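Each chain carries a letter (A, B, C and D) given by its place in the written order, and its residues are counted from 1.
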Amino acid sequence: MLLSLKDSIDWMNIMNQKIQDNKQYLTKLDQAIGDGDHGINMARGFNEVVSKLSVTEYESVSDVFKDVAMTLMGKVGGASGPLYGTAFLKMSLASKGKEVDQQVFATAVNDALQGIKQRGKSTEGEKTLVDVWAPVVNFFQKEQEVLPNALINCASEAVEESKTIKATKGRAAYLGERSVGHLDPGSVSSFYLFESLAEVLEKGA
Amino acid sequence: MLLSLKDSIDWMNIMNQKIQDNKQYLTKLDQAIGDGDHGINMARGFNEVVSKLSVTEYESVSDVFKDVAMTLMGKVGGASGPLYGTAFLKMSLASKGKEVDQQVFATAVNDALQGIKQRGKSTEGEKTLVDVWAPVVNFFQKEQEVLPNALINCASEAVEESKTIKATKGRAAYLGERSVGHLDPGSVSSFYLFESLAEVLEKGA
Amino acid sequence: MKKIINDPNQVVQDMIRGMVAAYPSSLKQVPNATVLARKDAPVANKVALISGGGSGHEPAHAGFVGKGMLDAAVLGEVFTSPTPDQVYEAIKAVDSGKGVFLIIKNYTGDVMNFEMAAELAEAEGIQVEAVVVNDDVAVEDSSFTTGRRGIAGTVFVHKIVGAKAEEGASLVELKAIANKVNSNVRSMGMALSPCTVPAAGSPSFELEENEMEIGIGIHGEPGIERKAIASADDIAEEITNKILEDIDYSNEEVAVMVNGLGSTPEMELYIVNAKVHQLLQEKGIKVYKTFVGEYMTSLEMAGCSVTLLKLDDELKGLLDAKSEASAFRI
Amino acid sequence: MKKIINDPNQVVQDMIRGMVAAYPSSLKQVPNATVLARKDAPVANKVALISGGGSGHEPAHAGFVGKGMLDAAVLGEVFTSPTPDQVYEAIKAVDSGKGVFLIIKNYTGDVMNFEMAAELAEAEGIQVEAVVVNDDVAVEDSSFTTGRRGIAGTVFVHKIVGAKAEEGASLVELKAIANKVNSNVRSMGMALSPCTVPAAGSPSFELEENEMEIGIGIHGEPGIERKAIASADDIAEEITNKILEDIDYSNEEVAVMVNGLGSTPEMELYIVNAKVHQLLQEKGIKVYKTFVGEYMTSLEMAGCSVTLLKLDDELKGLLDAKSEASAFRI
């Protein structure tokens, strides 16, 4: 794979479209086991991201990721703002001065995952977006060639898996056992992120 | 007609029964154009009245009326408490030391009506219980012989009439035109009072 | 009906116990009466102030009992004026010999029950004066009808007359200041949802998802008009204009109260307040002080009222005076 | 959704305008930030106190800004922690050079955003310390989970740390007293109905006519258990016992807070308070002071929480100290 500057911007535009389309759905998921704002938060954030990207000239993927990070950090709030913000900041750093091929990207998402875990004091198996990022990182590190459909499958299996987990981090943790059987909203929005990426890679292929 | 001591107590017992049976209905009427407590108020008051009457020995109808008055005054509150209380106080005064035949009773209910109008600063045609008491007073003053059914008809026609009036006194007055088409709750409870009296007279006859 | 209560017929008694438990050093229950009084009542050399009415308007009226405001509140059943004997108990409990001043909201029931209590008290040689507050501009004012209701503006009467009484004013002086406040205060309310009297068990009226009631009172009674729900700005504008049409506040200073009726989040009250201030500013009316919160509620009704009080130096001073009432601390 | 608002996405901005309009002499908005600060901030020679979080908890947190309590409140979107840049703006606006103390409720989002702001501030040479309040006994306390939530007990932290800061205490001293309050305060809540985030437009959950949620938070999230609605006495007992099981208050003096979550009539809060006091008395726990009202709400949720704070002489003095915050006047 190779993520061009244009790809990275397309990625964010597609992501924003998915988030706006699924704003209500994400909010509904968050109402069930959280406070019902995840869709609103993500929609506000990615709406700002695409506005920002549309009026700025970029030189590199790293610069795009940096503005995405700063915009999410400053516009989302809640738990998801710092987490997505940190993720993109780490990806920006890891891709600085580089062409974003699969190896660079694998390192970037891995750094992002470590950043998320550190910020959130969280790890795998706690019913958070970490449970989608972790297998996706693994996918980029292990696969010889990134097949878009395989990426989507990997992320979507991870989301489904999140249903069966009992939450121990984030607001859903307050529900304890009652969180089992529900999808984690942050995992679903992370799924959209990787699904969007797959669609960009598909087009590029 | 002749209202014996026992009749006066029966009157209150029957009235209480009707009020308890129609508590919800009176409250519903008051919800439509008032504050939704008339049934609750009357039920609380007449429940106390029958308790009081059941444990007290009386010598005269006047004494019964006086206790009814004091009990309603002290237990009902709202607009209806002072009005019904005043009515029975006036009836007690008017029947003091007398056998309660039709003439005495006609004077008593008339005094009651005047007391209500003075207390409430109200008159006929304002969609209050005055609109039931006034024709009933007229009935007792005009009719040669009190036929229970005629009394019921007189009171029930007055209640129906209250529907068409626009309220200018009591809470319903705040609704202005919107009060038209609704029964006045105080008129309905007054109807029960005279219906109860008719039933007592019917039995006595 | 979903309520945090025990017995629907005991809510007032239970609440009174809860209030005395909360403020044992400042509040007492008058024995065997649904009356809450200042712990130190009767206060020597002070005319005593009493207000009250049906319950369900909390913090009115017991929340306004305290040094600088009321000496006692008489609590009726929910939305039902207290009976004359209860009001009379309150009068006896707080009179220091300088007389008692009654602050009555203009409802037939309140007026009659308080008047009868005043008659009882006067028969016992206690001097009693009263004001009947009628600040609600939603209601047609006519000498042929019941007249206007007393709603949230009553709280300003409590505050200002309370401060004046604390200064040692006579019954006659209190009556004068009470009339002055009453003639300078105007209110109007609206609701998005009804409320449920505990003993009734069902809501007072029904509103569709897109409807509101304008010109609502504080007893769950319907308002003067039902219409499509509007924005906070439009609601604020309709109410404010209705008040300003009624009396001329131009070039005056006013106190503003944005009062929640029970379940309206404070956030929404401040949103309304923003627009009220903007409108007043546009019309050259200066705001001296603002009160936003729940002062005169209607159980869990959703909605609000706006009150404007025209101020002069005397009223400003009295409004600013210290109050130790639990629900009105200045 | 029935709300008195203009644009669901502008409720926080509109509320801020309404608050500044209401208290222009004591409150100011930090330019271009969703931050409300004391008018006289930064206050020389005083450590500044900042709290905040998502909006929808009014009067928390901006209602607690004022002399004797907070120097600033940072307002996020409804139920959404404010972003680090907003918190950082607040820090810069109130720091007098003596440092800034953050009072954070224990939610992942709040903790992360406030921590990131603290990092930014420290990078600029501003000293920052913080307490993370976690008073909710409904939530399992475990180092492997998110831990307990911060709910209404946070208001006692604001009050007591605020009084201490007003006395001129250092950052270190404030951290110590904040930890002391946090380790002596416990709360738990319940709800009869959900609430609706304006931008979401639909209620957070649904409850049948005969159901209640026990162990509810303040963000419209479901509680720890759903069950049949109980009497006020039973509710008060369940919550009080859960708190008393958690820490030993016997033979101690406590402050009690019975907090309304939004649409519960004050009458019902006092009914709960009556039972809480009775239970404490039976267990030999003395009540020093009681607070009944809305302090930490969840929009228009119906329900309440009970908070107990164990007091010693130091805490009593600080609790009684003067506060000029609009929603907490002592």
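Methods note: a residue touches a chain if its C-beta (ideal position, glycine included) is under 8 Å from a C-beta of that chain, and two chains touch if they have at least 3 such contacts.
Predicted, not measured: the structure shown is a model, and the values here were computed from it.
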Co-neighbours of chain D and chain A - touch as defined: none
Contacts common to chain B and chain C (chain labels): none
Remotest chain, chain C as reference, centres from CA atoms: A
Geometric centre distance via CA averages, chain D-chain C, whole Å: 29
Chain B-chain D separation of Cα centroids, rounded to whole Å: 54
Euclidean distance of C-alpha centroids - chain A vs chain B, Å: 74
Residues of chain D touching at least two other chains: none
Chain-level touch network, classified as line, ring, star, complete or other: line
Every chain pair meeting the contact rule: A-D, B-C, C-D
Parts of chain B lying in touch with chain C, wherever the complex brings them together: 27, 31-37, 39-41, 44, 73-83, 119-120, 168-171, 173-176, 178
In the complex with chain B, residue positions of chain C that touch it: 54, 76-85, 107-109, 112-113, 116, 138-140, 142, 144-146, 149, 197, 199-200, 202-205, 217, 219-222, 224
Residue numbers on chain D that touch chain C, as the complex places them: 2-6, 11, 14-15, 17-19, 21-23, 55-56, 58-59, 63, 192-193, 209, 212, 229, 231-233, 235, 262-274, 277-278, 287, 290-294, 297, 299-300, 302-304, 327, 329-330
